[in-house]
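In the two complexes below, chain A is the common chain; its partner is chain B in one and chain C in the other.
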Partner chain A sequence: MQVTTMTFSVEPCNQDTVIVRIGKALDFRNAAEFKSTCQTQVRSGARNFILDFSETGILDSTGLGSIFSLYRQVSPLEGQVVFASVSRPVQVVVQLTRTYKVFRQFPSVDAAKDALV
Partner chain B sequence: MESVKYRFLNLNTVIDEVHSLFEQWPSNEHDPRISPDSVQRTKLALHEWIANLVQHASFECSHPEIMLDVETVEDAIVCVVEDNSQGFDLDAHLVMAAEDLAHLPERGMGLLMLQACATDLFYGRISDGRNRLKFSVKGEDDPCLTIPF
Partner chain C sequence: MPDYSILVVEDEHTLRRLLEYRLGKQYDVRTASNGEEALERIAEKIPDLIISDIMMPKMDGFALQSAVQKNKETSAIPFIFLTAKADEQSRLKGMRTGVDDYITKPFDIEQLLSRVNRLLERTKVFQEQLDAKIGQDFSRRLLPKNLPDVNNYRILFHNNPREHGGGDLFDWMEAAPGTYIFTIGDVMGKGLQAKFYAFSFLGYVRSTIHAMLRSTHSPAELMNRVNQVLMDDPPMEETFASLLLVKWEPEKNLITYANAGHCRPVLVGPDGCKVVEYSDMILGLDPHAEFKDTELQLPDNTAFMAYTDGLSEQVMVTGDMAGEGGIMKAASKAFAELDPIDSLLKNILLQSKVPEFGDDILVFWLQRKGLDWFAPFPEKVDHQ
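Let's look at the complex of A and B:
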């Protein structure tokens, strides 16, 4: 079943892993919605999050902060947050902040699923 | 990238308008000295600055007006952003933001990202009472914002 929100869609892989399609932007305008979407998934039992950035043209500091927030939530639960299909604008932020040290990256969502599921 | 001057009057749409401008300019089709990553870092730096204006600037009685001028100079992209807000002490803010940066921070990274991307960063009041931000983004840089992980 696919759950569609205004900006993000969430696709469950199994009981504790979900794919979040980020869409065109994750920034100060929709970061609160991202957090709310992810919190709902955590409450439902999700621990591992695959963030699909294939369509993403904007990731800003507030968007990155909301991903850090998710990471802080799932880390104590032995969960993971990983990046998949990272677009160039997102890669620039990852490189600038060296967050590849925190979030594993995969070339595709399928590759991330193979690693996590 | 060609030189571009633009005027924005709507804080609700300015972010999308700026990104649309960049989508119209292929990265180094006209000037191979400008790397695609330089263009992306420029876009990020401008996004963070304008996001800060949209979220935090006080325009009080005046109608918001943001002017953007982007041009390439040798291997650098040079940006000038002028606005008619009340302005603030950017240098003091950057010092404080760097000192206060939390472990895996949710907030406070935006202007530090701008600072990390930019060289020759200047911000101040200009003669007509407006504020001017000027910075360059150079192709060979590999900037880094150190975040506590």
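Let's look at the complex of A and C:
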């Protein structure tokens, strides 16, 4: 019985690539919802995920964990998870956990689109 | 508002729709028109509460209630009967069979809503109390009962698990005489689930280390193995953890560590702090991740301090998180104090937005004593 108040908007790019807008926060309050949003996308064929962090002020370890789950789901399918417009708080978490080796980063959603689509 | 799921069982179409509409404003409502259908709905997904009419075709409310009670998975679901006002017999029978509440028709919808609320609230409180109890038990088991006692060293440890905190873990073992291995980690996630994962993860880490001790004491090699376990073992699929493995050889004043995406430790001395920089990727994400050992000669009168993200993510008055910067500032001030961890935490709380910690707090302090370290405590004796 998770408290869910936020929703994630998803914008399809092409058949197997989608953009997910993370919004202000991805943390223990909405990580379950993020997971299920992404799962729905994977089920309908999405493989590449562009996560838009332009507005994100909070990314806690539960939130990051939900991104990791997504990564483990799509990487056996040759999919990718990339980060776009990474804000400073997100950058700090990515640095600490050394996960920039796994998640490619792009200055903007458009740049990520160019690289993936 | 939590997304509670309510099952409404009522054969009368209009009333069923009315209940669905009114309750649907607050809850996730599903409906059934008799007991049989209700059991099908329950099999699809177990509701948090059932509201059922008594007189229905095919399978009536009593039969439904009895079927629900017989099933272990559903026997604890709060059950409300809707009874016709005149039907005193049914009401009494309902009370006897362990129904949680009954509402007589025609009923006041507000009254029904408030009873539903109350029942769900009570279930929630009960669940939370149970979670807290189990969580505390896990937390206790995730903590060491004692610490190594070694000449010329001072070892301190502080842990304050929160009910809704995460999966912090700490452990140590003497790998060989004079060689110790400390394990500090944080399993991602919150609440009871994280604590449970942390508990099972710690089991993996301990058995991995024990199994490998004969062939290696290298934290990096141990780390590689733990990562493999997390990647290969399906039950651990959803487990991600940051882990700091520290080998300590006090005779040589030598620390060798491997860091898998954990908060970077800090060296604290009388002249300030320094981050112990090198680290590798967090565990459970990349099967090809590589981990490296880093050696540190611990200077005289210096502490090696490790912590978990509850400390660095504490929100300060500025609205920012404490971060490495905030921790180092607080640690520098705390270094000379009698109880440096206690003082460090107080310093951070003084700068916090809310004067209490929002998450689990775990701090480990391994200090090589200074040459002037004699009992009772290094005091300035200039004036004597």
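The rule we apply is simple: the second predicted complex is superposed on the first by the 111 of 117 C-alpha atoms of A that agree within 3 Å, B and C clash if a C-alpha of one lies under 4 Å from a C-alpha of the other, contacts with A are read in each partner's own complex, and residues count from 1 in each chain.
One rule holds in what follows: contacts are C-beta pairs under 8 Å (C-beta built on N, C-alpha and C of every residue); 3 or more make two chains touch, one makes a residue touch a chain.
Being a predicted model, the structure only gives us computed values, none of them experimental.
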Return fit or clash for chain B versus chain C, each positioned on chain A through the superposition.
clash
On the A-aligned overlay, A:G65 touches which partner chain: chain B = first, chain C = second, or both, or neither?
both
Of the two partner chains, chain B (first) and chain C (second), which one does A:R43 touch, if any: first, second, both, or neither?
neither
Determine, under the contact definition given at the top, whether A:T99 touches first (chain B), second (chain C), both, or neither.
both
With the two complexes overlaid, spot the stretch of chain C among 55-63, 91-99, 145-153 or 343-351 whose C-alpha atoms clash with chain B.
343-351
Could you pull out which residues of chain A sit against chain B in one structure and against chain C in the other?
28, 60-62, 64-65, 68-69, 71-72, 89, 92, 96-99, 101-102
Write out the stretch or stretches of chain A touching chain B in their complex.
27-29, 57-58, 60-62, 64-66, 68-69, 71-72, 88-89, 92-93, 95-99, 101-102
Chain C touches which residues of chain A in the complex?
1-4, 28, 60-62, 64-65, 68-69, 71-72, 89, 92, 96-99, 101-102
Under the definition above, what is the set of chain B residues touching chain A in their complex?
15, 19, 23, 36-37, 40-41, 43-44, 47-48, 51, 54-55, 104-107, 109-110, 112-113, 116-117, 142-147, 149
How about chain C: which of its residues touch chain A in the complex?
1-4, 48, 124, 166, 186, 188-191, 194, 237-238, 240, 242, 261, 263-264, 279-282, 284-286, 289, 309, 313, 321, 323
